[in-house]
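As written, the chain order gives the labels A, B, C and D, with residue 1 at the start of each chain.
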Amino acid sequence: MSIMMGGTLMNKAGTSPVNIDLSVQLGPVKLPNPITVASGTFGYGTEYEDYLEINKIGAVIVKGTTLEPRTGNPPARIIETPAGMLNAIGLENPGIEVFLKKHLPHLKKNNINVILNIAGNCVDDYKKICSIADGHKEILAIELNISCPNVAKGGLQFGTDPDTVEQVVRAVKGETSIPIIPKLSPNVTDIVQIAEAAKAGGADAVSMINTLMGMAVDIKNRKPVLGNIFGGLSGPAIKPVALRMIYQVYKVVDIPILGGGGIMTYEDALEFIMVGATAISVGTGLFVNPRAPQDIIDGLSGYMIENDIVSLEEIRGAAVR
Amino acid sequence: MPLECGLVIEHQQVSRDMYQIEFISPQIAALCEPGQFVHVKVNASNSPLLRRPLSIYDADKRLGSITLLYKVVGEGTKLLTRIRTKEHIDVMGPLGRGFNVKPPGKQVLMIGGGVGIAPLIYLARVLTKHHYEVKVLHGADSRRNLVTLEKLRSIGAEFLPATDDGSAGHKGLVTELLAKKINPEEIDYIYTCGPDQMMAAVAEYAFNYNIPGQVSLEEHMACGVGACLGCARKLKSTDEELVKICKDGPVFDIGGVEF
Amino acid sequence: MSIMMGGTLMNKAGTSPVNIDLSVQLGPVKLPNPITVASGTFGYGTEYEDYLEINKIGAVIVKGTTLEPRTGNPPARIIETPAGMLNAIGLENPGIEVFLKKHLPHLKKNNINVILNIAGNCVDDYKKICSIADGHKEILAIELNISCPNVAKGGLQFGTDPDTVEQVVRAVKGETSIPIIPKLSPNVTDIVQIAEAAKAGGADAVSMINTLMGMAVDIKNRKPVLGNIFGGLSGPAIKPVALRMIYQVYKVVDIPILGGGGIMTYEDALEFIMVGATAISVGTGLFVNPRAPQDIIDGLSGYMIENDIVSLEEIRGAAVR
Amino acid sequence: MPLECGLVIEHQQVSRDMYQIEFISPQIAALCEPGQFVHVKVNASNSPLLRRPLSIYDADKRLGSITLLYKVVGEGTKLLTRIRTKEHIDVMGPLGRGFNVKPPGKQVLMIGGGVGIAPLIYLARVLTKHHYEVKVLHGADSRRNLVTLEKLRSIGAEFLPATDDGSAGHKGLVTELLAKKINPEEIDYIYTCGPDQMMAAVAEYAFNYNIPGQVSLEEHMACGVGACLGCARKLKSTDEELVKICKDGPVFDIGGVEF
């Protein structure tokens, strides 16, 4: 780590520190730092107010929002697994109108960078939500959840077929000038093909990865633990898969990547940046350490100072060959 | 709510699988109310990953300390036993909505099943201080697990045990004890925490005798603060939307819960 | 757990215990118990002789064997990950001829049930190995590794395309009368489709899951940790994914399943059986507890006695609805 | 090789980040030879998952005990520090092929870098017992980490330290000490264990003066018994096939290793 000397951080050589710049450019979206909080793990930003200065986070990706309100799946909705957890929340949310009227103004009042995450049952849903959201320039970008494994209709279908991915991205691009970031499902044979389709459809960046589809069995009752049977696996357990997929996409597809999956520490964040992520997201990690986003920002800053790195551009994709 | 690294000042085994841990956590102690819980990281590793919710068993606001009473049931609680005095424990809290500490009337009844007794102890302390008359019924498998006796005595609450093996008090269910020993006319308010089956019986009792009261529920949790929507449960009152135990509870009106 | 009383295990009610039968029928293959050790984690059976009575294991699936000897991938070949590990051994093995001449006789002398695991670069390789192995009736079955993610040629291609899966299975069925168990890759969009293809090709059972493809980054050196860049993720981390895929296949495809992925204890084994596995395999679990196979056999026996279960048939698929 | 649950009889911090742990493990102790290692499960949870290889630092065959000397470098070794005396430690071993305990000649030189000194101590004990004259050079960052001094004294080996900060012995690299203080004519056999760079220098020295010897190598391990083929490394001798450190090593001929 970097050394504190008379109040200033010093680099390894002990010479005067560089002026680090944590800001990143995720396609058309400029973020003050690369740390975002993942959709569905941070509510609408108020729940963690006691633990974080939320406007210091690169961006808050709000929970998955649909056209109409949804009540979500029956319990049990979560279960811990080795170094991870399964969730089957089922997109419980108040709908896009309530979000825009109630939550967005609160977020903006507090100077929070907002990325809206949306989900739908069909292309038309996505289009409608985007056209409703359009004009709200306070929304930095729209993350398109085409990969939620929990909803019977929509969900997996969109994220696993390249043609549909291209089609839905193109459709929403026609509805709004807000940058579009499709969130890719890892439950596919060829992630590169999907990323290429997203790009072809006009995506401004891609977000990856969403959860791996999994399940757990309650051996006492001899039935699935989750009310929904299947759930999404997140947390450190999936980090190796996330890194691999980002590596594959970064190597071949020329599109900025918002990377995540199991990030807990700044060292994890560095792994993601070195395989090509421009920004990163913390999800499950928040449940363990609600201060993780700030800790990661601080850790990255220290790392950059210590290693004389001015901009993360210098190490982005460094491990990809 | 604070996230604190509490200095452990006492950690002892109080029965075969129950432990009591006290730590200095001035911010949490200053804010906490009976029925609230803390969210505890039991180890520094990735597995088990999530925090564990544990009720505030007692709090000393002057000293700035929190005490938890927990039962070892799985990997997480087992690892928790390994934290030693003078080490630190990573806790978030106080979380959730606690019990009504200004119940109507003067005479309150608390019914705890197993380690469900934990949140009732701090509640009993606060209510006796506010001059309520507190009766506590506690159901346990055996006398060894009636670990709160001393505390309740010092608090000045009346204590009536029931044990499965008859080693102390009534032999059998605590709800049988309730039916046998308690005059519903003399009870103004009921609190209960324990296995769902027991709470269901208590809720029925409360309904039959028209006594108001509260229950404390459990559900698996991830965030503990209402962000993940994981700890959902259906109440009678709510049409569609599920309540979140961590934020809307863990304490709910006794009449509103579906068991 | 079951209770010991005067030397006999008793069931919950304390009445006299049932006569449990651990044997299972994996398609045409009868195993004395459902516990196997996974390919590549148990060598050729000699390495664990000090820890286990190896002939008590349901079957030993030997390490991946190819037509010609292979030296495998350059180091580093393994790295620990949260609740799992990545391996990129690259199929180091002495080739089928040496296996048949040197290892098989030794295994049979010790009365060990052997399942041969094979891998190839092309359909022809698989055919040749099978025709060489044919006639060796000591081989209970051949597990067809069509899913190894570590070898540039062959590997992923076979396991991810249904047509190729069907073709390779049909091809090897023509070469040998030894039962064929294709080992499915989890790195696919639709595992059911692959299992159906395997069945259509004539598979006698399917084995699932092989490792998830993943990677790790050495942030000090800014490069991938593994010499092969990508590796296979195994261990408890992947258990939820394995259970989900087995559930999906069991529900739809009528074929016996050899299940595995992250099994460490008998409780894990029960989860796999309850989603439909006929037999199960322990791989990475061995590295943590070399006695795991025996511990799981003992645990299952105790569970059956305690719950008055005579045959695992009674609980197989119990959680699938 | 046995899998034992060793009763920990001593576990102490011997410097800022070095610990020494002794446990009763009669089966392993009965079989072990210098240079072999044990494979240790540092915790009961799934993360960290794999065992950790640690050299046998000392063994008392009469008492049936094994002693390890380890440096805290990551999560696994950190968790290991939490095992207390009277608790048990889950170990497999002894594993691998140890040092040649019948080297030619009479005068042997051991060169350890950092915690690489560990396997050399038990070796020194055995060789002095067999009447070899043993010289041990140890390179450490500072005097605090020269934790084997007492043991070597009691064993009767000559000890020459080098420290980065000059707080004891030669200030600088242990390989400088080697060049300065050792007369190669007087050395019949060399053993070395430590960072690759150091061992590479020692191997060059051995080559230049034509002294036979052995090195102990490290590689990440999963099984520890030769089953997973994970701990592979290329030697000069082997054309194509890679050796497995856990089974073919960890000790190899000093001339055969590619650094």
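By our rule, a residue touches a chain if its C-beta (ideal position, glycine included) is under 8 Å from a C-beta of that chain, and two chains touch if they have at least 3 such contacts.
Everything quoted here is computed from the prediction, not taken from an experiment.
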For chain A and chain B, chains touching each: C, D
Per Cα centroids, the chain farthest from chain B: D
Separation of mean Cα positions, chain C and chain B [Å, integer]: 45
Intercentroid distance (Cα basis), chain D paired with chain C, Å: 36
Centre-to-centre distance between chain D and chain B (centres being mean Cα positions), rounded to whole Å: 52
Sequence positions of chain B contacting 2 or more other chains: 46-48
For chain A, residues that touch 2 or more chains besides their own: 82-84, 235-236
Graph class of chain-chain contacts, one of line, ring, star, complete, other: complete
Residues of chain A touching chain D in the complex: 82-83, 236
Residue numbers on chain A that touch chain B, as the complex places them: 40-43, 47-48, 50-51, 63, 71-72, 74-80, 82-85, 87, 89, 92, 235-236, 264, 284, 286-288, 290-291
Chain D residues within the chain A interface of the complex: 46-47
Touching residues (chain side chain A, partner chain C) in the complex: 81-84, 86, 160, 187-190, 212-219, 222-224, 229-231, 233, 235-241, 243-244, 247, 262, 267, 270-271, 274-275, 315, 318-319, 321
Residues on chain D engaged by chain B in the complex (per definition of touch): 43-48, 75, 78-79, 82
